[in-house]
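Below are two complexes that have chain A in common, paired first with chain B and then with chain C.
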Partner chain A sequence: MSEASPAKAYALHLGVIALLFVLSFLLPEYYHGLLARIMVLAVFAMGYNMLFGYVGLLSLGHAMLFAAGLYGAGLAVIQLGWSVPLAFLGGIACGAVLALVIGLLALRTTGVAFMIVTMMFAQVFYLLILYFAAWTGGDQGMVVPQPARVLSFGTTSLELTNPTVRYLTALGLFSIVLLVKLAMVRSRYGRVLVAIRENEERTKMLGYDTFSNKLAAVVISGTICAASGAAYALLFGYVGSSFASVQYSILPLLWVLLGGAATTLGPLIGTLFMYYVIDITSGYTSAYLLIVGIALILLVLFFPKGILGSIRQRWLGWLP
Partner chain B sequence: MMPLLTTKGLSRNFGGLRAIDNVDFALMPGEIRAVIGPNGAGKTTFVSLVSGRIQPSAGMIVFDGADITNLPAYVRVRRGIAYTFQLTSVYANLSVYANVALPAQLTLRHGSHSKSAIQAAVMSALERTGLADRAHMPAGQLSYGHQRLLEVAMGLALKPRLLILDEPTQGLADSEIDNFITLAREIAKNATVLLIEHNMPVVMQLADRITVFNAGKILAEGTPEAIRGNVAVQEAYLGTAP
Partner chain C sequence: MHFGPHLLLAALEGLVTSAVLALTALGLSLVFGVMRVVNVAHGEFFMLGAVLAWAITTAIGGHPALGFLAALVIAPLIVGAIALVAERLVLRRLNYNPEATIVATIGMLYIIQQLALTFYGPEARPVEPPFSYRILLPWFGYSGYKLSVIATSALLLIATWLVLTHTRIGLVMRATQYDSETAQAFGIPVGRVYGGVFALGAMLAAIAAVLIVPISQAHYLMGQDPLLLSFIVVIIGGLGSLRGTVVAAVLIGLSDGIISMFFSPTLAKIIATLLVAMVLVFRPQGLFGTASR
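And then the complex of A and B:
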């Protein structure tokens, strides 16, 4: 929120993007694939952070927004035979529309009621996916066939199944969302969102229609999450109902808490951290979730603002 | 001259309690009007109705010739009614600058959108309230008196036509009160001021006219001299002589 040092902030973000780009050519195959996945899921976390970090609205239903993009894009390719770019846009549109409808209803509540209402909607969405198994594949999910996962521009075509193409596409999406989010946070709209989080009543009395502003934030958040879901379906080729389950509503919350709520790079750090802790600990013991749980408890106890949030508080006040 | 603000038959019930009871009120443009009365007289309820924080049970509110009774609070703010809170409610975690930038960017939304225009508006409001050198402090670290001034600065940045100040001098030191009186006089050059205040010396120095509330009704209205000599007002404050 500081007025100073926009150049520093942009330099840092561009530096992170450049680093991820260079890593594409350095990482061994396994980590290369993992990082591509993490970048797509970090977009999901950024979408969640938009609402949770900046507006202070804790949703427990964001799995449905991710899944709206996932199924929107997946079904468009599998059932309707759409091309990849069209299916991607279709998935995003599904998420945006769903977020608008859910937002209109759920924003009548706040706090715990908002958590419960969003979770209920997400459960309905999850059960609908299972119910319409004839189209969605039910709990088996669907595989997006390899020949369909091709980006064609005239005569040239890019196969999204190619690891490098996949990595760079994921990086492209991540970069766009990251820079848009950075610009948004620093904008007048970002300032209004933080004001609503800090004191909604006061913000109303400064002439702001807080309901409309919150609704816009829900739709933006839903759009970003759906973009992540749509990219996931097209890049990794699997559309499964587990992505609509409550676990995938809680994961983005954990990623954001870990990395630092209301920080632009926190979602990436949180997602990365969680994946690597799971990756490393599961190599030693089958009880790896126990270790993950202890790590989370320690983090919340000693770094309640998350990794980047704590760094910002103690050393780098200018971090966006 | 047409009044800036009028209320007709304005009432508000809380359960069985008539907090505001059939109030007809008129405020002329450019005046400083003080609203006084014993605790529980309905002063804060009255200005909350005017600002739109609560809805009336009956009656009508007209601002600048238009019926605003059913408008939500944020629209009234955009039409020029600014309200500063009785209990300080600045954004404690944001900088003083950001606190004032929020209303400033709203006021400028139809005009110049540049960053420098917002900056100029913010610094002007901070300079008028003497907070310019604290612009980059978190608002929560300001002293209580300075937080009250920040409330006023946020109101000023809205460039209101009617500024409602709810007990602005509560908790201020004597020297700060003198500064506040100077500030309020300066604000009144461009805006109408509606002031709820318990501090009688402040009321007597500032107000052009005084409205006295008691038990949800207007008990008396007039110049400071007239109110000072009003027997009914003395009884409401001090009780009836035996």
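And then the complex of A and C:
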């Protein structure tokens, strides 16, 4: 991480956003839809990276934060009849509150115990969704009805089911989170988090309250993940318990490891790459979990820094 | 049926669960205790044991007892060999780094599960019990095989305890668990001990699975519940403590049996998982363990 190049870093990120914007008009229909989904999931990965990459806390329970946004927004629309923007904010609030509670409890533990505790809380959340099937639809999930997925400003209204609107909304969310994250990483607070990752005792000794800094990181991470979940429910119209299962706690870990932990663009690249690999291989085999498994093992064995992490180490030291 | 006999039936079912759980959790506990590795793929070794038991009994045919005994010997050996290869190829190269090994064993979990789905298929398949004697109690008849599972598991647990406390191998394992660097300095081949312990842990899970498969069928997703329950048992019992593991397994198995008979199994799981998470948060050394070094 270098001090000298804020302009370079911002130019790169704005360039990526501009490229994604142009792609909206160039891509064929299938990839257009896929990329919209990838951008929403990349937001999930960015939220995960916030905690895993910068603070060094490996959570195995982030599916519950994604699902909190997903169900918070989905239930608000389906059961309470809220409008889209309100439901989106409601979903984010659910994730933030859940993250605060989980953070207060789980941050009392460290290392392996932290992973197991987060995994268990996520499992409880998943089982609660199944248990309250009367409201949540259980393992069948729920479909957010098309007429409800409309953004209206006074007289004009935008239908989120329209592919272009959906793509641009996803891009909007992605861009906001990306730029906020870039600014945060470069800020004082971001540096304190990295200091905690590198040596918590020393950071404490320097006078920083590491617990509240970590708690804030958990809440920010949870808020971003919930925003991704809420956007997923509203844009793609499906709310299902599989998004709360252990697998959806593992996937963001995989995306971040692949793209590069503690890089701002890594989560996007990891998600994009993994989807692309699965898309290609699904032509030959349905065993996509096999690929996820092999990718995880190869990554921890040979590329623990991920794609962007390795590039940063070799060539581009200024990459944020 | 009246409440008393109903409770007895629930307790017996719970004891069968406890017996299998104690063996599975002991494997997980040994691996964590000696190697400090959280093996997320442990449930898949359990599943492999059950699937191999089906394959072996089907291949042998003849009297069910013949195939079952063969499975009881061969399936754990194959699973142990697979675990040993995985340990040599992956875990050792990661230097047993706790976080990297968790990610790697998650990878193993997906690979084993997907391979089982590809080669074994999505069906649940039964294995015939080696004998079908029913013990008649005054209120209901109970499967003699289930009682023999409890007895076999108790024998195996005692045997493991004897090996750990009264043999040279056990001494070497305990020395490695206590302080691997000093053990290395005294000429103990720590690397080989790690390989052996990882294989042994997987074999215990496989034996438990062969024992349970005549009662509940073999299925490629059957490793999930034992994994979670084993985690719960190991955490409540105190990591790396054999006595704690057995006590916790009986406690969890019995309460699971009784709660699931009278309440919803999902609710039972929610309460158990939440309680264990709280134990980890507020009493990380477990209910029976002493504070870790």
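To be clear about the criterion, the second predicted complex is superposed on the first by the 303 of 320 C-alpha atoms of A that agree within 3 Å, B and C clash if a C-alpha of one lies under 4 Å from a C-alpha of the other, contacts with A are read in each partner's own complex, and residues count from 1 in each chain.
The definition used in the following text is that contacts are C-beta pairs under 8 Å (C-beta built on N, C-alpha and C of every residue); 3 or more make two chains touch, one makes a residue touch a chain.
Since the model is a prediction, treat every value here as computed from it, not as a measurement.
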Between chain B (first) and chain C (second), which, if any, makes contact with A:Arg202: first, second, both or neither? first
For A:Leu289, is the partner it touches chain B (first), chain C (second), both, or none of the two (neither)? second
Does chain B (first) or chain C (second) touch A:Thr210, or do both, or does neither? first
Between chain B and chain C, the one with more contact residues on chain A is chain C
Which holds for A:Ile280: it touches chain B only (first), chain C only (second), both, or neither? neither
Applying the touch criterion given at the start, work out whether A:Leu253 contacts chain B, chain C, both or neither, answering first, second, both or neither. second
Please work out whether A:Arg191 is in contact with chain B alone, chain C alone, both, or neither, and reply first, second, both or neither. first
Can you tell me which positions in chain B touch chain A when the two form their complex? 51, 53, 72-74, 77-78, 83, 85, 89-95, 97-98, 101-103, 105-106, 136, 154, 158
Please name which positions on chain C make contact with chain A in the complex. 38, 90, 93-94, 98-100, 102-104, 106-111, 113-115, 117-118, 228, 231, 235, 264, 266-267, 269-270, 273-274, 276-278, 280-282, 284
Enumerate the contact residues on chain A facing chain C in the complex. 58, 60, 105-106, 108-109, 111-113, 115-117, 120-121, 123-124, 127-128, 130-131, 250, 253, 257, 287, 289-290, 292-297, 299-301, 304
Residues on chain A engaged by chain B in the complex (per definition of touch): 1-3, 188, 191-192, 194-195, 198-199, 201-210
